[in-house]
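Input: structures, listed below.
One chain, subunit A, links the two complexes that follow: it is found with subunit B in the first and with subunit C in the second.
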Partner chain A sequence: MFEILIKTLKTGTVTTKYPQKPDIAPLGFRGKPELLPEKCNFCGECVKACPPGVIWLDEEKGEKRFTLSCCGCIFCGMCEEVCPCGAIRLTREYELGSKTKDDLLTIIRRRV
Partner chain B sequence: MTIEDEREIMGQRLHEKIKNIFGRSLSIREVDAGSCNACEVEITALSNPIYDMERFGIHIVASPRHADMLLVTGPVTRNMELALLKTYNATPEPKLVAAMGSCACNGGIFGETYASGGGVDRFIPVDLYIPGCPPRPQAVIFGLMVAVDKLEQKIRKLEVKA
Partner chain C sequence: MSEELIETIKKEFRSNVFDETVSNNEHYLTVKKEAAVRICDYLYHTLDFPLISIFATDERAKDGCFKIHYIFSCKDDMFIIIKIKVEETSPRFATLTHKIPAANWYEREIQDMFGLVPVGHPDPRRLIHFEDWPAGFYPLRKDFDIRTKPPRVKGEYIYRRVEGEGVYEIPVGPVHAGVIEPGHFRFSVAGEPILNLEIRHFYTHKGVEKLFESLSIDKAVFLAERISGDNSVAHSAAFCQAVEKVAGVDIPPHAKYIRTILLELERIYNHFGDIAGIATDVAYPFGAAHANRLKEQVMQLNEKVTGSRLLRGMNTTGGVRRDIGDKNELISKELATLQNNFRELMELLISSPSVADRIETTGRISNEIAKGLHVVGPAGRASGIDGDTRRDHPYAAYPELEFKVPVRKAGDVNARTLVRADEVYESIMLIQQALSRLPEGDIRTDVNQIPDGYALGYTEAPRGETLYWVHISNGRIERCKVRDPSFCNWLAIEYAVLDNIVPDFPIINKSLSLSYSGNDM
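== the complex of A and B ==
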């Protein structure tokens, strides 16, 4: 019994102070996809590669739109892999809790 | 003042009331609506000594009748559809619903098929979306804090003209 008590006292507190202190995800963690709008050339390779289909291209009033929704994204990194111009990058950000689906969208518009 | 404005004000008042009611603690009933169990593993990790959800007054309870919030995981399969609706109806008002994981948000990797419903919001109103496949325990804590208005939402809609 004393051995267990000594071990418990030696271990101390293991609880993280998460909301007070920011917890940065480890290197190589696949979090929220980030778009670099200057580099994107609307080729559509990522649309074909995305397994859950949360990336889509459409056209409206002479404007090309590229939409990426984090809602439904499985953070596989396929879009980053296939992109020929490196316009998608997965960041280490993971705090994506949102009250609406609309807030999870990222849109690039470009005049044709 | 139009009816819509009045409705909006009433909605805000109700929201404040809910915020006051849930200000101290939150009881959660976890509903597995056809998940792959990865989200369940993360929820289990939430009650271990490292993440320790109980220090915020958030408890997992054994019955929807004791709960303030439903934490739904999975894309709502055909067999779990009725069970989810029954659980939702058994939860007393005021209640919150959180969709945890990408499957619950939008169907995720399962999508919308004959057997898979394609998201919780097609069946019951959802107040909080926590994307991730599965979300980290920290991400779930963050989401729950956003739901009870203890933390600010970080993600916003981004529109860029290039």
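== the complex of A and C ==
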């Protein structure tokens, strides 16, 4: 009993104040992929490389659309690895909870 | 040595061996279908080689036949694979289960997935398919389209019954308390003691082996990584090693060491989690809290080192995707703290009479049962089976590192807990050695233009021996057989609980650390 008490006192508090106090993921964390629209050239390399197939290209009303959905993303970072223009990268963001699937889409558009 | 062995087998069974091929450390012997049981029996009982997997392939497009492979793990880092042909017109083969109990589930799996019937099997019920799955649909046959949605039919599953005065059945699951996966446990009890347990799984079969056949190799790595969530590195490394073996690629030494470090980090956090679970189940929350705290510390270390708490996204064919060389100091420092903390915790845990009372002599698996079922990993080693893939079939950087394989004989929950604890110390030492000898150089080599061929990949996951057999044809996966350690170990629980009381079932279950997901792919 005495040893248990000592161990408890020695360990102290290990829990943190999250979410009141933000918990920042370390550098190199595999979080939400971010798109840099000005760099993207719509080459489609990331579409081919994405294992769960959550990146796609399509066209609507004379607009080219590039869509990335975090719904199904496995954060493997293959998109980042194959992108020739550095237009996509994994960030340290991990709080991705949302009420609709649409909230999980990132879309960039370009006039044809 | 290996040639002598093959000669002995050929001499013993002369006219029954049609063909022999050797690739790397794998010897394939194609034998007469009728002689397979005798030859396997000879390898298993006379030569004492464990049967580590049985699987089928559909090669009808090539020669009109299915093939069944029996894999034996031999001495001197060698595998013998006995192959038989099964004609489509006569889709039957003789069962091996009477001779080698470990063959039980494999044969039933082949029956469900390929429609090949193991004649004389002592338990010919379905294993993976449920009663509502129609007859005649065999998912791993090549002519079964992956998008097929078979109609549901009516059917019934018959459980074994134990009858007598005062005997009751307690059905548990498939939905359990807590967020775990589904499985059904049917206990027959007379009062508290358990007379019989029958487990039924495969509630969430995902068709992973079929899915492999539709994926490119680089994407398949991520599928392997997700088969058993907390054994990600072991699965992806085994898959990558199989592909690298087919490609004839030797990955850079630097990558080998990184893989080793990741594999051991995975073992440490799994073992901490298992010890925490055992402490929870014996109502020792103090120990559980500390073990979980240590597990969390390793997972945060994982995140800092690889960007993923579960060490994902690191393995790839040809090496690893990120260097961890600059994290050397961080890992060493964390490990030193962990080691001290873990030692203190184990001293308290072991010296607690309330813990000892619950785990000593509980859930015993005898050496005979463990050997018969080919129980692997810490569960096998706690029952006196001196086997560890890292030592018996070395891979990654293990041949260059020194480590001991802890083995105990008691076979109870206590032994399984202590084997894990000993393994944690060994893992820490392995990582320290690997870090101090980390070679310079590339982390990845290109794996392009993979020739047609097949090979075994294997790792010692935290749960035990993990096996992949990958066949590549025209740069695509023709067949990928995955054998998770839990596929071997689940049946052991039916024996471990006998004569124990129902309230001890959760501890026994936890001490075996069985994966639903890895078993039910």
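A few notes on this one:
Keep this in mind: the second predicted complex is superposed on the first by the 112 of 112 C-alpha atoms of A that agree within 3 Å, B and C clash if a C-alpha of one lies under 4 Å from a C-alpha of the other, contacts with A are read in each partner's own complex, and residues count from 1 in each chain.
The criterion applied here is as follows: a contact is a pair of C-beta atoms (placed from the backbone, for glycine too) under 8 Å apart; a residue touches a chain by one contact, two chains touch by 3 or more.
If you're wondering where the values come from, they're calculated on a predicted model, not measured in any experiment.
Note on subunit A: of its two partners subunit C and subunit B, the one contacting more of its residues is B.
Once the two complexes are laid over each other on the shared chain, residue contacts for A:75 go to subunit B and to subunit C alike.
Touch criterion not met for A:55: it reaches neither subunit B nor subunit C.
Shared-chain residue A:40: touches subunit B; no touch with subunit C.
In the superposition on chain A, A:16 contacts subunit B only, with no contact to subunit C. In the overlay built on the shared chain, the residue A:88 is in contact with neither subunit B nor subunit C.
When the two complexes are overlaid on their common chain A, residue A:25 makes contact with subunit B and with subunit C alike.
Look at A:7: by the touch rule set out above, it reaches subunit C but stays clear of subunit B.
Comparing the two interfaces of subunit A, the one with subunit B and the one with subunit C have residues 14, 25, 51, 74-76 in common. Those residues of subunit A whose C-beta lies close enough to touch subunit C in the complex are 3-4, 7-8, 11, 14, 25-26, 28-30, 49, 51, 74-78, 81, 90. Within the complex, the subunit C residues that touch subunit A are 215, 218-219, 222-223, 226, 286, 290, 293, 303-304, 306-308, 312-313, 321-322, 344-345, 348. Considering their complex, residues 14-16, 18-19, 23, 25, 32, 35, 37-38, 40, 51-54, 69-76, 94-110 of subunit A touch subunit B. By the touch criterion given at the top, residues 49-52, 55, 102, 105-109, 111, 119, 121, 127-133, 135-136, 138-139, 141-147, 150-151, 153-162 of subunit B touch subunit A in their complex.
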